[in-house]
Amino acid sequence: MQDLVKEKPFKPLVVSFCCNWCSYAGADLAGSSRLEYPAEVKIIRIPCSCRVDPLFVLRAFQRGADGVIINGCHPGDCHYSTGNYYTRRRMAMLFSMLDFIGIEKERTRLEWVSAAEGARFASVMNEFVGELREMGENKRLGDIRCKE
Amino acid sequence: MQRIGAFVCWCGSNIAGTVDIDAVTKSAADEPGVVYSAEYQYMCSEGGQLAIRRAVEEHGLTGIAVCACSPRMHETTFRKTAAAAGLNPYMVEIANIREHCSWIHKNRESATEKATILMRAAIAKLNLNKPLFPGESGVVKRALVIGGGIAGIQTALDIADAGYEVDIVEKSPTIGGRMAQLDKTFPTLDCSACILTPKMVDAAQHDNISLYTYSEVDEVSGYVGSFSVKIRQKARSVNRELCNGCGDCITKCPVKKANSEFDEGLSKRSAIYVPFAQAVPNIPVVDRENCTRFKTGKCGLCEKICGTKAIDFEQQDEIIEREYGVIIVATGFKPLSPERYGEYLYGQSPDVLTSLEFERMMNAAGPTGGVLKRLSNNEKPKSIVFIQCVGSRADAKKGKTYCSKICCMYTAKHAMLVKEKYPDIDVHVFYIDVRTPGKNFDEFYRRAAEQYDVNYIKGMVGKLADEDGRLRVIASDLLDGKQITIDADLVVLATAVEASPDVRALGTMLTASMDQNNFFTEAHPKLRPVESPTAGIFLSGVCQGPKDIPETVAQAGAAAVKALGILSKNKLIGNPCIAESNELLCNGCSCCENVCPYGAIEYTEKEINDHGNRNNRRVAQVNEAICQGCGACTVACPSGSMDLKGFTNRQIMAEVDAICRT
Amino acid sequence: MNNKEALIPKLGIITDIRDETPDVKTFSVTALNGGVVFPHMPGQCAMLSIPGVGEAMFSICSSPTNKEFMEYSIKKAGVLTDWLHLAEIGQQITVRGPYGNAFPVEDDLKGKDILFIAGGIGLAPLRSVINYVRDHRENYGEVDIVYGARSADDLVFRKEIENEWDSKNGVKVHLTIDREQEGWDGNVGFVPGFVKSLKFTPDRTTLVCGPPIMIKFVLKTLEEMGFDSTKIYTTMELRMKCGIGKCGRCNIGSKYVCKDGPVFRCDDLAKLPDEY
Amino acid sequence: MLKLPVSKMDELFSLINSERTLYMPLEKNSEICFDKWSSDASIRLDKLNTVKSPKDFFFPASENIAAFKTKGKEIIMDDIRSEIEPFALFGVRACDAESFNLLDLIFLNDKDFVDTFYESRRQNGIIITTACNEPEETCFCNVFNIDAANPGGDISTWIIDDTLYWNSLTKKGSGLTEKIKKMFEQADESEIADHQAKISGVINKLPFKDLSLDGFTGEALIEKFSSNQWEEICHTCLSCGTCTFICPTCHCYDIQDFDTGKEIHRIKCWDSCMYYDFTLMAHGNPRTSLLERFRQRYMHKLVYFPENNDGAYACVGCGRCVQKCPISMNIVKVAKALKYEGMK
Amino acid sequence: MQRVEGEIKQKAHELLKSGVVSSVLAWKKGDLVYDAAPAFFKSPNALEDMVYNGFCCSNLSKYLIEKDSENEKVLVFLKPCDTYSLNQLLSNHRVIKDKIYAVGIGCDGKIDIEKLRAKGVKGILEIEEDGESLKIQTLYGDETCVRRDILLEKCLNCKGKDHMVYDELIGSELSEETALGDKFSQVDELEKMSSDDRFEFWRCELSKCIRCNACRNVCPSCTCRKCVFDNPHSGVNAKVNVTDFEENMFHIIRAFHVAGRCSDCGECTRVCPQGIPLQLLNRKFIKDINNFYGDFQAGETVESRSPLFDYNFEDIEPNVISKGRGIN
């Protein structure tokens, strides 16, 4: 009987923070170019990647996210001139720390996607979700209360 | 608790084709705070907007969540709709269920599920929205231009012509800048002075322009619309009001050995001097370092000769305080000194010149009266070698990493001028690449190479050697791969364009960001090239990066227009989505201040009433007129006392929660 | 479910919301199937909560004689109260209680001439007693109510005061506001001074409630007028969480406001450390 | 009294564990704390003075007391209470055992408001105490008339060389003893007398054995409260919760809501009166200063609690705060500093 | 050491008496031999109880925060490592230099009484320092111990004997670098483990946390008026760790919020009642900062700016770090 119970394919939950000026527009372009990427990706619009507090990243994992990706303008292109440089350092620290306490490093990512890179946005999302599918559920940094 | 109306747009079949509108609308009704949910074919249409307005009225809505296309498309539309319905325009949130959902997902079930989640996130955020009100600030109708070169002059003239008052602050005793030092300009070979000096005079005579020469900016505070600036007018030792510019004092001055800055040190001047004949204003200045009176207390010949009693040795620096609505930076450049490159023998052999020195030598009013000669023996050179990219396109340790942009063209100009005047002189040019993008630029270069028979050699000069008074240029010919030597009588170095080194202090004063080469950074490299990221600060000319004259003038005009955009307003309306400091929580640690790209955060000592405990504390305050709302400070702040209106910590967390709620 | 557990609330529903002042609303609450959520005595409190928003202690301002619904007058002050002020009729809330002691309506107050002194929202806890006394009028002597607020707009229960309390059944109400105001022909001045000017005899049993500063000055005035602190009662408010004297917050010395209070006789209060 | 060779203790534990879950001081991740016994656990009966007191078996750091779902204006309340499994604590020190009696005063004594969560844990837990073989220099349980050589609880035990002595004190204790009696042989109380005397001898040498709490009564409340000593001793307190959380008798708690996204958990959790926000309200805070908060903790332990509970101090002299306070402040220092305040 | 204690007392006496300072922040002797509690002394008479010995572990700089609100000057004694914290506090404007008189004092390493207890030594009555060895009298007989074996974790990674900021120095010749080696060695070891093992390691350690906040409250870099974890409006406040996630979050964010400002003073580790090696989290950040952005020591100067508030155009990409890991 057990063989008949088909396991549901794992659908990772992905929170994608997108900077309003570049990546969010890049995601819009992916949309208007009808470039497919998995529906598991949910985008949150922020003014700049530097608005992403490590608390937000942890919050997403707490609430059951399987992966968090932060998207900002390419270095040098920040709408606010330096925001993404700070993001880069902060996230380097945070990701490294998550790795250090044994959270799978592939669950976090920082990407630079410009407003013109609709195709890249889609492919980054495809790739990220692909990796997460392979990794499976986030069991290490979730809050059991939010998963019950 | 809000009373939220959720509106789901079909966008014809754009959304409805993939997303089950009905399902999204129904589940919106169950979300916290939602008291009304509806769908419509085209929310952005007149009818859709009317439906929203009606719903606000009928259901007493306090917020509107629209599930439609990208907010980049219609956020403004719906904000206006909200305002028309009597709501604060910022009580609107958009769920992007078209670009981020229906257009990318084919499966109806998963697209509907995602649209529902995006809707939920928008509502979760909206539940925490607060009405936001943009700040307003007045505009002082006066502009400050820092730098009186061609860029500054042009910007000032454009602004003055538009009817606003402009002050030009120039460090040296005259306006005119680098362009005044040039002989001819490429690619037309017209006389630089002939086109510049009328502009200088225009600027001096313009009713709306005040010149502060021999002056520097000491202090800047304030923000767009009302900068407060302290200008230090250095003591000239000559009363500007009394001086009639007769020049007697200059003739009488016994000191004749001071280096002429204008001639790049190739000629000498007196201690009281005007930099050049056409200087504006034509008022001499006493160079106190070289003046005998200031050195020994004796002399005073100029004072005796002056018929108008204009000489004033007691004169002090004067500080002028002024308010400005905008500031335009036009600080220009200085040529890099090639002394650091020992291999070129600059400073060791008098026959190695920089291009600007060469430019002066070629000028009829220059140190040699326009006669080309070897400074070592006053003989006419038989062979001249021009070396390009001296200090440009180098690695960061050796020089400048960038291309200085104008050297290829001025070297071609120099070569051509030499050949025209002295066809018998051999002219060699060592180059790495010849870069000639510009109208008539390549033609110009080809004319030099082809018509004037200038010997262009793609090669790197390894070193110069002094061989019995001649300069042996040892180089590698990159095309042949061979080493070549050329004996030259004169070597001209096309030195890199370098930002004036003292502008960094100015940048700090203006809180305008600069790159590692001390060029001012533009607000956006493509779309806002003449604005500094700091509101109200504009960039004109080479202070932003190497440029030739036409580009400088074009940018100067553009900066003027941008500045006028502010000057012409009576009030500046800010972006309300800016940082806000909770003074009760702020611990005054300066973390936020450290990361603010705009200098929008200031600290003040303030009496704080913390639950009945009153004490003085150092707290952060955000200047609404300056903050652009990036949010860098909010993450730097460990206590969470700095938050971003419109994108608060709680709002973003609520979105995260809503998305992750399964 | 173990109904014995004091920390587990019951459900209630808001059946009516009345605006009292710009920042005070009175909420009528019943059990889900009608009637009061639990019986109480005048002066007792209840913990109201909206799950996820917060839980806080409020004085029950309706009289125990009202068996149909309970009332709470709530001033906007924090997260929960802000939320409640935006709530609508039909909103369910959780209620637990009743907590604390009560005014001694059945013993010490019986047969006595009573003076009520209240300031601002401080009338809310006294309203329960006032209405109890009015409903058992025969058990009590003279009743005077002195009530003051910053302005006429800040007087709570104004309609009730004017239409039902004042000059009926031998109840006298004396109103005062802090500053002159157009359309106000009553007394102007702070409560303590007003009390003094009304020349009550010190044999009255007095119930005082209002902002701490007012209480302080009223007590001083009463002392000057010769009132005996053993006949003055007041009610306290401190941060409370459990309501049952265990969580450790609301103590003044060894007394817990939620359990041993909120009603204190002033001579007892004087024995406690000054930490409230 | 019963006895058993120490070598058979594993067998005993296994037997108890089959009847009810057994907890005792175990070493795990270089920390010694009460944890679930298993045959391969690293038992540390030489270190009964665990950093964390075993109070959390009855009064856990956090527990869900209710769960709510909201839908529109509606609130749905879920019953989330679960049955407490029977359990036993082995190796509880005399002082810690006494602390449960003090907690009972708080959570059980007021018949109107019994904490039923605590109550059911208490009913289901058997406390097996063990006499302290080696009291530490930080111990002062004797000050509270607790005898480390003669501990209370439901069952008391002594480990003397190779023998475990076992004595039931309560009905609950006898109930358990009945079930495992077959493992034991009879012993006489005289067998442990020497050992008890040895322990008493050590206790007589303890640095704080003569700490006096005379005068810490309700009568001296105002004097102790108003003492200017508080200012002297509170100054370097960090306002952390270490003392509170490791204290076996501290029992302040908070009630907080946590939104899981699907429902709202109402959590009862430990809190510390040392924290600034402990008494913070929307319109003020009666204890804003460090001094007030610091004073509250010790006044509660040494004056308020005894006043409300027939003279019982809210301290058992376990010495945890003496060992663990980051700034070496502790109840002994406070008691000494305030000794003379209000003394007639 | 005794001589230094004398000099310190002398100095305190002198400055108090002359009115240069109105209080002295130092250590006070308690009943137990190892008890040296931070304390303020306000009168010359009180100085009798002042002590400076191998147990004066506390970093007193934390107590200087907002002393400026009291219009008085405080004399504070700082060991070399404590002066880094003071500098950091000065640069964060949490301490005003004018309001304090800082005397740098020599240090030859401080003793961790917990390490002695962990060795099974119970009932400690007396400890006598005899060069490199310690004689311990206990209720259960005498013990000896090598001093080095029970030095505080922070002393094993001593930053050196130089004071970074001070008004004057006393007994600096006493200073002795006690560092045993690379302070990152434990971090390195963990990094070498598999992700699973690291996870297991930290779960074991962090599950011990009782959320007493001692690590936070003692930290001279944690100076928020209200911590996000205490602020009900922050959305992340909690009194206790209800789940393992909260344990992780608290400690990640605690370390993150001081990253670039943590001078590695080791107080968090010292005060943790549960013995969690909290320094590893802080040192991981320090190590990363050093590797990615160049060597940086917080508190070396007042001017030093946290690398997290700075940037370089060519900074390393976070994805590279997390994928490659080999950037070391």
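Read from first to last, the chains carry the letters A, B, C, D and E; within each, the first residue is number 1.
By our rule, contacts are C-beta pairs under 8 Å (C-beta built on N, C-alpha and C of every residue); 3 or more make two chains touch, one makes a residue touch a chain.
Please read these numbers as outputs of a predicted model, since none were measured by experiment.
Enquirer: On the document's contact criterion, could you list the chains that touch chain A and likewise touch chain B?
Expert: Correct list: D, E.
Enquirer: Going only between touching chains, how few steps reach chain D from chain C?
Expert: Minimum step count, chain C to chain D: 1.
Enquirer: Over the chains that touch one another, what is the least number of steps taking chain A to chain C?
Expert: 2
Enquirer: Looking only at C-beta pairs in contact, point me to the busier pair out of B-D and A-E.
Expert: By number of C-beta pairs in contact, A-E is the larger.
Enquirer: Find the chain most remote from chain E, comparing centres computed as mean CA coordinates.
Expert: C
Enquirer: Could you tell me which chain lies farthest from chain A when each chain's centre is the average position of its Cα atoms?
Expert: Using the mean of the C-alpha atoms as each chain's centre, the farthest one from chain A is C.
Enquirer: Compute the distance, rounded to whole Å, between the mean C-alpha positions of chain D and chain E.
Expert: Chain D and chain E have C-alpha centres separated by 30 Å.
Enquirer: Approximately how many whole Å separate the CA-defined centres of chain B and chain E?
Expert: Chain centres of chain B and chain E, defined by C-alpha means, are spaced 46 Å apart.
Enquirer: Can you compute the centre-to-centre distance for chain C and chain E, using the mean CA position of each chain? Integer Å is fine.
Expert: Measuring from centre to centre gives 51 Å for this pair.
Enquirer: Averaging only over C-alpha atoms, locate the centres of chain B and chain C and give their separation in whole Å.
Expert: 66
Enquirer: Can you pull out the residues of chain E that are in contact with at least two other chains?
Expert: 226, 228, 232, 235, 242, 308-310, 313
Enquirer: Multi-chain contacts only, two chains or more: what residues does chain D have there?
Expert: 70, 254, 258-259, 261-262, 271, 280, 285
Enquirer: If a residue has to touch 2 or more other chains to count, which residues of chain C qualify?
Expert: In chain C, 79 touch at least two other chains.
Enquirer: Could you list, by residue number, the parts of chain D that touch chain B in their complex?
Expert: Touch residues, chain D against chain B: 70-72, 259, 261-262, 280, 284-285, 288.
Enquirer: Which bits of chain B are touching chain C when the two form their complex?
Expert: Result: residues 1-2 of chain B touch chain C.
Enquirer: Could you please specify the touching residues of chain B with respect to chain A in the complex?
Expert: Where chain B meets chain A, its residues are 70-73, 96, 98-101, 103-107, 110-111, 113-114, 117-118, 121, 513, 521, 523-525, 533, 577, 595, 597, 628-632, 634-636, 644, 647, 649, 652-653, 655-657, 659-662.
Enquirer: Looking at the complex, which residues from chain D come into contact with chain C?
Expert: 65-66, 68, 70, 73-75, 77, 79, 81, 106-107, 110, 112-117, 218, 221-222, 225-226, 251-255, 257, 259, 264, 266, 268, 271, 273, 278-283, 285-287, 292, 296, 299-300, 303-305, 307-308
Enquirer: In their complex, what parts of chain E are in touch with chain B?
Expert: 69, 91-94, 222-228, 231, 233-235, 257-258, 305-306, 308-310, 313
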